[in-house]
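In what follows, subunit A forms one complex with subunit B and a second complex with subunit C.
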Partner chain A sequence: MDFLFIIQQSLSSAIGVNTIIFALAAIGLNMHFGYTGLLNFGQAGFLAVGAYTTAVLVVSFDFSLWAALGMSILASVLFALLLGVPTLRLRADYLAIVTIAAAEIVRQIARSATFNDTLGGSDGITGKFGKAYFDLNPFKEGLETPILRFSPNDLWVVITGWLLVAAVLGFMWLIVNSPWGRVLKAIREDEEAVRSIGKNVYLYKMQSLILGGVIGSLGGAVYALSRQSVQPDNYSTFLTFFAYTVLILGGAARVFSPVIGSMIFWFLLVFVEQVLRQAVAENYIPDWLINANQVSQVRFMLVGLGLMLLMVFRPQGIFGDKKELALDARA
Partner chain B sequence: MRSATRSKSATRSSSRPLFELLRRGVVILALAFLTPLFLSSHASAEEVTTFGGTVLDSEKKPLEGVVLTVRDTTNQLGTVTTDAQGRWTYSVDKTGNYWVKLDVNTLPSGQGLTEGAGEEKKVIVFSLGKTLTVLFPIGEGAERVSTFDRTMQLVVDGAILGLVIALAALGLNLVFGTTGLTNFAHGEMLTLGGLLAYFFSAVVGLPVIAAIPVAILAAAFIGGFLQDRFLWKPLRRRGTGLIAMLVVSIGFAILVRYFFLFIFGGDTRQLPQYAGQEGLTFGPVSITPKSIITTSIGIILLILATLWLLRTQMGKASRAVADNPALASASGVEVERVIRAVWILSAILASFAGMMITVNQGVSFLMGQDNLLLIFAAVTLGGLGTANGAVVGSLVIGLFIQLSTLVIPTELKYVGALFVLIVILLVRPQGILGKKDRVG
Partner chain C sequence: MHAPNSTYAAEARKALVSLDPRPGVDKPDPIIVAEGIKRSFGGLTAVDVAKMQVQRHSITALIGPNGAGKTTLFNLLSGFDRAQTGSWTFNGNEISKTPPHKIARQGMVRTFQLTKSLYRLTVMDNMRLAATAQRGESIFLSPLRFIWGSQEKEITERAEMLLERFKLIDKKDDFAAALSGGQRKLLEMARALMVNPEVVMLDEPMAGVNPALKQSLLGHIRSLRDEGMTVLFVEHDMDMVRDISDWVVVMAQGQIVAEGEPHEVMRDQAVIDAYLGAHHDMSLEAEDR
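The block that comes next holds the complex of A and B.
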């Protein structure tokens, strides 16, 4: 087995583009689920809104990239309002079902042939809409070391992406430790108590939904920019579920844990895949048990199993505090 | 410009991460694309050749429900139906000549094959492990069906879809009522039922009519008894919170779904028996005999389940548990036994819903995922936790989905249903039949 190659792939992935995207998605979910107790299962919808607004405005409406990025934040605020007005008064499990439905609506509209001309149908949109951003790339050569490997463009995305994550984390740290953040945590623990001291719970939940959604949509914009394309099926419910796995792995209601969770998630995902793949290729695992096509299926089975075991045996994740996660829909 | 980008899609795929592409039809291709270092894009596990295509109408919108029949020189091999994206595929494991025939009667009115394009196409399979595209060009055709006739057909289709959803939704609701679990893995029970029916009919070789009862028993044991005994009961014992259990059910759904993909592959497969059955015509409505039979069994199951809830000791006890577990327990109801019974009933109903889909449209590992949101929509619409609400909500959703295609494109019919769900929750958050005080 080529262990150096496995390590290189896994480490590059642990600080790579996907890790950044899922970290942003999970930071947004942390706002919703970790701090406010909102069961948002439509985070994929926020990423889709961020990605599609950026791409569509540049490709079809000749916006400059920077204006389009601004508009994508605005669009995700609107999406949060649309989602929040009907659902935030509902019980937690209703919210889960409605948000997952809303995200599916976004995806199915995006992939429909009816709106093929603007949204690109099931092929999505491909084009040089990130040109203005990649023009700023100072790296002419990629990174090529035994343990890390990035193409020039990926290197630029990784560096600017991590700066964005750092900025978002700083913002999160400031607001969750502010009086506003304490109200959110109080809502998570006991809505009625918060209401009894005269706070408008609905308004706070709405603000949390908007902020977390905007952070998620930034992840979507990174997703679109890094690949210079958007594909509707990238924004399926799986994205939301994996973002939850990342969040719970790191530990909900901790500022830094989504980032750590995302790094560990992608490291393990790539590591397990590469090891299995090489084991299959070199016949350590017999073909009748797992063949080369089935490696990624096995990997996803392990993700599902991991999420179950994590939730049962260590619901607070790696860094979380068990006391912080005492939510219950029927409480 | 669009055609230029399309031709690039293959090279583009290689840079996508793995989770992104896993949707119906592209699964096998996707898995190969994503691992360019280790696989050629034509590698196939089972050495089959898959042919397929997308059926688009004259305005290039996908057509769902178009029936295609595949035959070789001597026998009819099976039929496939296009999905919501107009896609169909069929796999063969021998080289040779095959013919695919498009049933023009299943095209919507005003659509027909363009002149010169025969309704039967010859496919020559030289070697295995390939993917071949078979296209049927479609243009404006004769107006055949009046709006009234089409509406009648859609009402029947919608009622049958409503029944499928109702069977699944009733079980989901009973489990929710007695244990509080919002089970995201409920869709996988449909897939389990479908796969078991496929196993007993296509692999073991039982006739479908015998395979279904056997499959229901197996599903009741695996999906009802084993699932509750080894997963949910231990979790209840541990005092796992409801949100935690919800997340566990998501993990379980992912695990089971990929396990099904692992053992069954990514194709949609038909039951060999009755594969290409002619529809019977009743006035404006056409319906296949197999659909009549499965629908009748479905209605009987639904009635039996309702009688069980209303008339039997256990059924009454289950309603008591749903109302107040502590009080029910104090009054001498064995709560755990009731929950076990509810799980088994839920598995029977959901697995049969899966079998209805399997008999009429074929089974794939994505069946559960594709229907889960509709089931949730129906349950939420009817009122979470209310048994009759689930049935009413399902019929509303089923009829709405089918009838909405009179106005909106077929591919957007699920969007319409989910949208209605959100609108109804705005006006009546407790659902159509739910009690107001259930909403917190």
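The block that comes next holds the complex of A and C.
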């Protein structure tokens, strides 16, 4: 087996484009679920809004890329308002149902034949809408080392993407450690108690939904830019559940945990895939057990199993505080 | 017995002594005035209060058998539930359509029968949270510590003083979930005081509290009144009601059936029947008295 290749692929994935996208999605979810207790199961919808707004405005409406990126933030704010106004006064489980449905509505609209001309139907949009961004790329050659390997474009996305993640994390750290963040955490614990001491719970929940949604939509914009294409089925519920996995893996309600969770998740996914692929190719694993075509499915099973074991033996995630989790008297 | 050591409280008591003890009687200086409150759940009328006033600077107890509508009335007055009809004012301001957080900001703060400590916040954060008009609670100012840092320091100092008084200062960095049931009651009361309320509404403050702590809770409630606050509380513990209240309002089947000074009210046959359950199978008619 070519272990160096396995390590190279896994490490490149651990700090790669997907890690950045899912880190941003999970940071947004952390705001919703980890800090405010909002069960948002429609994070994929926010990513889709971010990705599609960026792509569609450039390709179909001749916006500059930078204006389109600004509009994508605005669009995700509107999407959050649309979701929040009817549901945030209701119990948490209603929000879960509405968000999962809303994300699917966004995806189905995007892939519907009616809007084929602008949204591209089930094929999505492919084009050079990221040109203005890649024109700024100073790297003419990619990175080629024994342990890391990126194409020139990926290297540019990775570097700017991590800068974006760092800025978002810095902002998150400031606000969750402020009196504003304290109100959110209190809402997570008991809304009624927070109302009884004079806080407008609805307003704070809305702010949290918007902010986490905008952060998720930034992930969507990175998704679209990095591939120079958007495809509706990339924004189905699996994306939301991967983002939750990443969040819980790292440990909810910790500022840095979504990043670590995302790194581990993508490292494992690629590591397991590469090991299996080589093991199958070199017949360490017999064909009747796993064949080459099944590898990419089996890796999800194995990673899923690993995550289940993690939840059993370390339910607070990697960085979570076990004491804090155990204190949840309602559990 | 304990003598009120503030002139406010003494005056309130004196004013109440001379009142005619009948349901809905006008108080000389009411802070809460309620009229015609009705709340029914389907066919069941939970609250049907024609008139109720709460005297400023007094400790008023709200008693009655289970299901009498005390907690529902509490929920209505504090904005946590909506009445079908009726209106009530706090300090002369109409608040019957006001959402709960605005009522709390106006200075009428409640606690809950089942304590609502914010478990995964520290005791200190529970306290800080309750301070009003915090600049750092605005999403736009929250990243800018230099804007709210000084206010946070003042709030922390005030919280420390209250925690000292409620003997929770040693626990300030513990999670609220690590407190005992009685300590959580104390924390909830201390947290309510962070709002700087004029009226404190306590829903069964003694439920599940051990006898030793009961005495200190009683002392705390008295001191609220002595500092000029008005206390309205729901309670089942008759000793406590007799001990600390200046005025007692008795509810049964959603209505106020008696009002008066604690010792007098408890001699009232209707109250004895209704509350102590001597003839709990008899229907209670206020007119029988």
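Everything that follows uses one rule, which is that the second predicted complex is superposed on the first by the 310 of 331 C-alpha atoms of A that agree within 3 Å, B and C clash if a C-alpha of one lies under 4 Å from a C-alpha of the other, contacts with A are read in each partner's own complex, and residues count from 1 in each chain.
Operating definition for what follows: contacts are C-beta pairs under 8 Å (C-beta built on N, C-alpha and C of every residue); 3 or more make two chains touch, one makes a residue touch a chain.
Computed from a predicted model, the values in this text were never measured in an experiment.
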Simultaneous placement of subunit C and subunit B on subunit A, clash or fit: fit
Which superposed partner A:D233 touches (first subunit B, second subunit C, both, neither): first
Contacts of A:I248 with subunit B and subunit C, given as first, second, both or neither: first
Subunit B versus subunit C as contact partner of A:Y94, first or second or both or neither: first
Contacts of A:I175 with subunit B and subunit C, given as first, second, both or neither: second
Which of subunit B and subunit C A:F139 touches, first, second, both or neither: neither
Apex subunit A: angle to the C-alpha centres of subunit B and subunit C, given in degrees as a multiple of 10: 90
First (subunit B), second (subunit C), both or neither touched by A:W162: neither
Of subunit B and subunit C, the chain that contacts the larger number of subunit A residues: B
Contacts of A:A113 with subunit B and subunit C, given as first, second, both or neither: first
Nearest-approach distance, in Å, of subunit C Cα atoms to those of subunit B in the combined model: 10
Contact residues common to both interfaces of subunit A (with subunit B and with subunit C): 327-329
Sites on subunit A touched by subunit C in the complex: 171, 174-175, 178-183, 185-186, 188-190, 192-201, 207, 211, 323-324, 327-329
Subunit A partner contacts - residues on subunit B that touch it in the complex: 2, 5-6, 8-9, 12, 15-23, 28, 31-32, 34-35, 38-39, 43-45, 56, 60-62, 85, 180, 182, 235, 238, 240-244, 246-248, 250-259, 261-262, 369, 373, 376-377, 380, 384, 409, 411-412, 414-415, 418-419, 421-423, 425-426, 429, 438-440
Complex contacts: residues of subunit A adjacent to subunit B: 18, 39, 85-87, 89-94, 96-98, 100-102, 104-105, 108-109, 111-114, 116, 120, 122-123, 126-127, 227, 229, 231, 233-234, 236-239, 241-242, 244-245, 248, 269, 273, 277, 281, 291-301, 303-312, 315, 326-330
Complex contact set, residues of subunit C against subunit A: 78, 80, 99-102, 104-105, 109-112, 116-121, 125-126, 128-130, 132, 134-139, 142-143, 145, 148, 152, 175, 177-178, 191-192, 194-195
